[in-house]
Amino acid sequence: MKLVYVVPGPMNDTEAARRGGLLKEWAAPHVDVDIVTVSEGPASIESMYEEFLSIPATAKLIYQLEQEGYDAAILGCAGDPGLDAYREITTTLRVVGPAASGYHTAALLGHRFSILTVTDSTIPSCYELVQKAALTHKLASVKAVNIPVLELANDRAATLNKLVEIGKREVENSGADTLVLGCMSMGFLNVAEDMQEILGIPVINPAKNALKIAEALVGANYTHSKKAYMIPPKLASGKIKSLDELLVTK
Amino acid sequence: MKLVYVVPGPMNDTEAARRGGLLKEWAAPHVDVDIVTVSEGPASIESMYEEFLSIPATAKLIYQLEQEGYDAAILGCAGDPGLDAYREITTTLRVVGPAASGYHTAALLGHRFSILTVTDSTIPSCYELVQKAALTHKLASVKAVNIPVLELANDRAATLNKLVEIGKREVENSGADTLVLGCMSMGFLNVAEDMQEILGIPVINPAKNALKIAEALVGANYTHSKKAYMIPPKLASGKIKSLDELLVTK
Amino acid sequence: MKLVYVVPGPMNDTEAARRGGLLKEWAAPHVDVDIVTVSEGPASIESMYEEFLSIPATAKLIYQLEQEGYDAAILGCAGDPGLDAYREITTTLRVVGPAASGYHTAALLGHRFSILTVTDSTIPSCYELVQKAALTHKLASVKAVNIPVLELANDRAATLNKLVEIGKREVENSGADTLVLGCMSMGFLNVAEDMQEILGIPVINPAKNALKIAEALVGANYTHSKKAYMIPPKLASGKIKSLDELLVTK
Amino acid sequence: MKLVYVVPGPMNDTEAARRGGLLKEWAAPHVDVDIVTVSEGPASIESMYEEFLSIPATAKLIYQLEQEGYDAAILGCAGDPGLDAYREITTTLRVVGPAASGYHTAALLGHRFSILTVTDSTIPSCYELVQKAALTHKLASVKAVNIPVLELANDRAATLNKLVEIGKREVENSGADTLVLGCMSMGFLNVAEDMQEILGIPVINPAKNALKIAEALVGANYTHSKKAYMIPPKLASGKIKSLDELLVTK
Amino acid sequence: MKLVYVVPGPMNDTEAARRGGLLKEWAAPHVDVDIVTVSEGPASIESMYEEFLSIPATAKLIYQLEQEGYDAAILGCAGDPGLDAYREITTTLRVVGPAASGYHTAALLGHRFSILTVTDSTIPSCYELVQKAALTHKLASVKAVNIPVLELANDRAATLNKLVEIGKREVENSGADTLVLGCMSMGFLNVAEDMQEILGIPVINPAKNALKIAEALVGANYTHSKKAYMIPPKLASGKIKSLDELLVTK
Amino acid sequence: MKLVYVVPGPMNDTEAARRGGLLKEWAAPHVDVDIVTVSEGPASIESMYEEFLSIPATAKLIYQLEQEGYDAAILGCAGDPGLDAYREITTTLRVVGPAASGYHTAALLGHRFSILTVTDSTIPSCYELVQKAALTHKLASVKAVNIPVLELANDRAATLNKLVEIGKREVENSGADTLVLGCMSMGFLNVAEDMQEILGIPVINPAKNALKIAEALVGANYTHSKKAYMIPPKLASGKIKSLDELLVTK
C-alpha cells in the first residue's frame, strides 16, 4: 500500500522530513507513506482565506499523485480545504480529509466530542465542518487555544498544558467524552498521546487518524463515490482535455 | 448606494455588458450598480473544482473593490464560492452570496422550496449550501436541467420549457411551493419571471434577488459580523502587511 | 412602491406619527410608506394571548389595504401574529413578518444570533418562531430585558444600557455573533444603531429590517406562495362571498 | 373528574349533542365530560384564518370554564388554535390540544406516522404543528382527503373509503406504520376504529385520544407548566384586573 | 381494564407489595393493576449491561402475561430496556415504556424538560432514549443525583432535597420548565408530587405516568403498530413454533 | 495486533471456519484475527428479540476475551446488539460495532447512503441505528431483500442479483451514492465486492469494514471513551467483585 501525505503549502525541509518520519512510525508495517509539499501556498492555515488559497496548487499536485500510482492521499490540513474538488478530479486515488475522518472516528468512540482548535478565527469553520459531516448532534463544543499555528511547537509543554486544561474544562462543562485536535501541527506535536494518558479519554490526533483511516479505506478497497463527487462536466464530456484548460484567461 | 457585481472568472464584454444592463434595470432608482469580471478563472462553474479555482483572483478583486468605496459586492456565482473568505478580508464592503440569499428569501415566501440547478455534478453542493444555511427542513428537492452553463442561453425557449416542466413536477411530487434557480446564468436569462407567470408560485432569480438583498443590507446599514468572519490572524496581528503576503513560495 | 406599516392594535396619534416619521426616514427614496393602526386590540403584545387578540381586526384591515393597492404590508409586531392568516387572504399584497425577516437577515450576516426580547413571557414564543423559520441551528440564545413594552421608551438610556449589557454577555457566553431585537417598540427606539456602534456586531432592528425586506420583495416582484398560503376553501370555492361570512353566530 | 370539550365556534344543537354523547361513551366510568360551544366563530376550520378567528371568544369561554371548576378542557379543533394562549390564562384547568396529543400518542405506538387531514389548505399547518411538537423525525407524510369539513359526514362510507385508500398508500409509499386523523369531525365520524380493523395499524382518533390524554393528565395530577405558559405580564403584575382589559379600543 | 406492572428483576416481597399498593392507589377506579417480578435479573439497573441482562427472562414473562389476558404491561424500568423486543412478541398486550411515555408527556406540558436520573453512568442512555423518542429539541438537560438506585429510599428527605436542588438549578441554568424523573425507584418514592409543590412546575413520576398512559392507550383501544414491531420472521413464517426455539444451543 | 471476531450465537464449525478464513484474508499482514462463537443464542438475528437474546452470553465471552489479551473484538452482528454494554465492561479491548462503523465509513465516502438489509422486520432498527450514529441527514433509504438470513447463501447469484437490482433502484430513486450491507451474512457472501464492480459506487461490507476499522483504532491506539461507557457502578464501587454477581436470583 502506497500512501502520500500532502502539505498544502510550503514547509521547510527539516520539518517536512520530521513529519514524514512520524508518519512512517505510525504507519502499519506493510504501508509506505511519503510526504510531499506544495511549493506555493499559505505559510499556515488559520482562516478560510488561507484555506482557499491553498487549493489550486494542491489540486494539481493531487491530480499528479494519482498518475504516480498512489493508493490514497492524506490532506495535510484539518480544515479539509478543497476535499470535494480533489475527489472530483481523482478516481483511483482516495483523498482523505483529516477533519471528517477525525470527527467520524470520535463519533465511533463516544457520545459527544469537543474540538480543540488553534485560533478563534477557525471556530466557525469547525462548526461548519461538523455540520457538513452531519455530526452536530455529537458535538459538545469547539474551543481555541489561541496559539498561532506557527508557534504551537515553540513551547511544546505550554501547548500541551493549555490543551489539557481546556480539555478538562470541556469534559466538565460541555459533557465531552472524547476530544479531537483541530490542526495538523497539533497532530505532529504528538500531544494527543500525552493528553490521552493525562485525561483518560480518547484524543484524536488528526494526522495519525487520517493515516489509519486511509489504510482502512485502501485495505477494504473503498474509494469515494463518483456519484457524490462527479468529474467536472467539461472534462467528463471531453470538451477539454486537461485540468489546466479549466482555468482560462481573458 | 454603490454596488458591484463580481463575475468570478473571464466573461466576454458583450455578455458582461448585457448582464450589467439587466442589473441596472433591476436596481432601485437610487442605486448604482457596476459589473466587473475577473480576468483569470473558470469559463463557467459546474463543479467544486471550478468553484475553488475562481477564488484566489476574485478575492484580490473584492479586496480592491472595498478600497474603491463600494457598499456591497454581489458574488456572481450561485454556489457562493469563497464567500467566507471574502467576508474575512472585508469590513465595510458587504459581500452577498446569491445561494444563501436566495434560500433565505425562499424561506420567507413559502414553506418548502426546490432548487433547479444546471448539472447533476452540482447537486451535492446545493445540498451542502442549504445545510450551511441551516434550511434543510425547508428544502423540498434539488433537481438539475442538465444543460451545461455555457449552453443555457443557446435556446432560451427550450431552457424555459425544461425549467417549467421540472418545476411543475417538483410542486406535485415534492410538495415544493417555491422555486430557486441555482445558477446565475439562469438568472440572467430572465426566465424566473416567466416561470412565475406560468407556474403561479414564486421563482427566485438568484441574480436579481442578491441585488435586492444587497440593497436591503446596505439600506439598513448592516454588515456581515466580524465575530463570524474574523480577519486572518496574520493580518490582524500585523505580522504581515498585505493580503499578498499570505501567499508564500518556497 | 407603496408600503404600509400596520400597528395591530390601538396606538396614540403622536407615537404613531413618530413611528411613521422614522419609517419615512428609513425608506428608500422611491418608496412611500404609510402607517395605520387598528382601533381595537391589545395595548401592547407581551403574551400569546395578546398576539391572538390582535389578529381578527388586523386581518380585516390588511384585507382592505390590499384593495387600496398597497404593494406590501409590514406587520407591526415582532411575534408575527397572524402572518399565515394574512397571507391566506391576500394575493398581491405581500405581508412581511418582522420576526421571520429578522431571523433570516441575521442568518445571512453571521453564524449564530441571539434574540433580545422584552419579557420572559415571550421567550417561548421566540423559540417557536425560530423553529418555524427552521433556523434553530443558527440560534445562540433568547434573553429578555424584562422591561414591559410600554415602559421601554421611558428611560431610553437605561434600556440601551441593559440591551448592551445582555448583548455583550451573550456574545461571550453563547457565542452569538449577531443580535436581533425581539420587539417593534425596541426597533422604534432606534437603539439597534447605537448597539452596533458599541458592540461592533450587526444588531437587527426588526422595524427597519422588515421595511427593507418589504422593499426587496416588492423590488424583485416576489409574493408569498399561494401554494403555501392557500385561500380559505370556503372563499376559494365561492361558497361564501366575503371574509365577513367566515365568522358566523349561532 | 370533570372534563369539558370546547367546540371553538357555533355548532347546531343536534350535532353538539351527538358529539357529547360519543364523548360520554368514550370516557372512563369515573369521568364526567360536558360539551360546550362558542356562539361566535367559524362554521368549521379549514384555514389558518379560521383558526385565528376562533380564538378570542374561545379564550373567554375557557377562562370561565376554569372558574366553574373543570379539571381539563379539550380543545375541539385538531389544529390546536390558541392552545398557548389558553394555557397562559389558566392555572388549574389543563387545556389539551388534540394535534399535539395525537402526534405524541402516535409516536408512542410506532416509528413513523402519517397525518390524514381534510383539505390541502391545512397541510402546511400540519407540518408546522408537527415541527412545534418536535416530532418531524417521526413524520412519514401529510395528506388531504380534500373533502370539506362540513361534508365529511354526508357520505360516511365514501369518507371512510377515501381514508382507507390514502392510508394504505401512505403505509406502502411513505413507510408509515401509524395514522393520525387531522380533524375533529373525522374523529366524531368514528372512522378511526373501522380503519384500524381494515388496515391493521393504529389510527389515532384525535377526539377520543385527546379525551384519554386529558384523563391521564388529570389522573396523574399534572398541569401545563406555568414556566412555559406564563400569565400575561399586565395581568400578573396587577396592572389590569381582568382579561377583558387586555383588549382596548382607541 | 387489567394492567400489570413488570419488575424486570428480583425484588423482595415487601417492596413489591408496597409498589403494588401505590399502583392500586394511582389507578383509575375501573382499573385493576397487578405487579409481578422476574425471579432472575439485575438487583437494580444502573448500566446498559444490567438493562440487557434483564431482558431475556422479562421477555418470557411478558409473553406469558399476554396469554393471561392482560390489556397492558408497564415496563418497570425507566430505561425502557427491551421495549422493542417485547412489542415484537406481543399483539394484544400493549407494552408501555416509562421513559418514552414520560418524555412525551413532558413534551405535552411545556417547552423544555430536564431529566433527573440516578447515576452518571445512565446519563448517556438517557440522551439516547430522548433521541429515540425524537425529542432532542425539547430536552433542556440530563443530570444525575448520583445516589445508587438501591439507596434512594434510605433517606427519602435527603433524596428529595437533592432532587429539588438540582431541579431548581436546571430551571435557572438550562431553561427547563418541566422535569422528568429518570428512575422507577424515584417514582415509587412519591417525591415527584412533593417536588411539584415546591418547584411549581410539572414533575413527571415515571411510574404513575406510565400507568396513566397505559390506561389511556387501553381506553382508546390503541395497540403498538405491528408494522413497526413485526413478529420475528422465524415465528411469523411458522418455521418455529415457540419463543423458546429462538434460543438454540450448539 | 490481535483481533477477534465474535459470532453472538451458535454457528456450525464449517461456516465459522470459512468466515475465519475470509477474515484472515482480509486482515492486514501484521494482524492476527481469530473467530469465536457463543454456544447459546439465536440461530440468526432478524428481530430485536433475537438481538437482545444474544447479549448475556456474548457479554461474558467478550469480558473473557479482554482477559485473554485481545486488542479489539468485532461484534458479529450488523445490528450492533449489546455494543454499549460490552463497552461498559471492557477497558483495553476495543469493541467495534459493524453497523456504526459501516455508517460512518459510508459517510466518509459520499453524501447519501442506503442500507440494504435482510428482512422488513429489521428496517426500523436500521433507522434507529442510523439515528444513534447521528447520521440521519446522510441516510437516503433502508430497504430489505426479504431473504431470511439463513437462506442468503443458498443461492448466492440470486442474492447478488436482488442486491444489485435494489441498489440500482435506490441510486436512482433515493439519490444514494453509497450502499451499506446491513447483515454480516451478506458480508461473508463477499457480494459487496461484486456489487462495487457492477454498480460503480462504494458498497460497504460490514464484516470487512469492521475489521479495517478495528485495525485503525488499535493502530492509532484509541479505545472507546470510559466517560461515555462507564463501568457499571456496582462493579466500579467494589460492591460486587465479578460480572456474574450483577445477575441475582430471588
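Which chain is which? They are A, B, C, D, E and F, in the order written, and residues in each are numbered from 1.
Here is the rule we go by: contacts are C-beta pairs under 8 Å (C-beta built on N, C-alpha and C of every residue); 3 or more make two chains touch, one makes a residue touch a chain.
In UniProt terms, the chains line up like this: A, B, C, D, E, F = Allantoin racemase.
Keep in mind that what you see is a predicted model, and the values were worked out from it rather than measured.
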Worksheet item: Out of curiosity, which chains are bumping into both subunit B (Allantoin racemase) and subunit F (Allantoin racemase)?
Response: A, D
Discussion item. Keeping to the contact definition above, tell me which chains border both subunit A (Allantoin racemase) and subunit D (Allantoin racemase).
Written reply: B, C, E, F
Worksheet, complete the sentence: Comparing which residue numbers subunit E (Allantoin racemase) and subunit F (Allantoin racemase) contribute to their contact, where sharing over half means same and under half means different, the two sides are same
Discussion item. Can you compute the centre-to-centre distance for subunit C (Allantoin racemase) and subunit D (Allantoin racemase), using the mean CA position of each chain? Integer Å is fine.
Written reply: 28
Worksheet entry | Geometric centre distance via CA averages, subunit F (Allantoin racemase)-subunit C (Allantoin racemase), whole Å | 52
Response to the item:
By the touch definition above, subunit B (Allantoin racemase) meets two or more other chains at residues 111, 124, 128, 131, 136-137, 177, 228-229
Discussion item. Can you work out from the touch definition every pair of chains that touches here?
Written reply: A-B, A-C, A-E, A-F, B-C, B-D, B-F, C-D, C-E, D-E, D-F, E-F
Fill in: Residue ranges of subunit C (Allantoin racemase) touching subunit A (Allantoin racemase) (in the complex, touch as defined)
111, 137, 175
Worksheet item: Across the complex, what residues on subunit F (Allantoin racemase) touch subunit A (Allantoin racemase)?
Response: 26, 28-30, 96, 100-101, 104-105, 107-112, 133-138, 171, 176-178, 193, 196, 200-202, 204-205, 208-209, 212-213, 215-217, 219-229
Worksheet, complete the sentence: Seen from subunit C (Allantoin racemase), its contact residues with subunit E (Allantoin racemase) in the complex are 123-124, 127-128, 131, 136
Response to the item:
subunit A (Allantoin racemase) residues touching subunit B (Allantoin racemase) in their complex are 9-12, 37, 39-43, 46-53, 55-56, 59, 82, 84-85, 88-89, 119-121, 124-125, 128, 131-132, 148, 228-234, 236-237, 243, 246-250
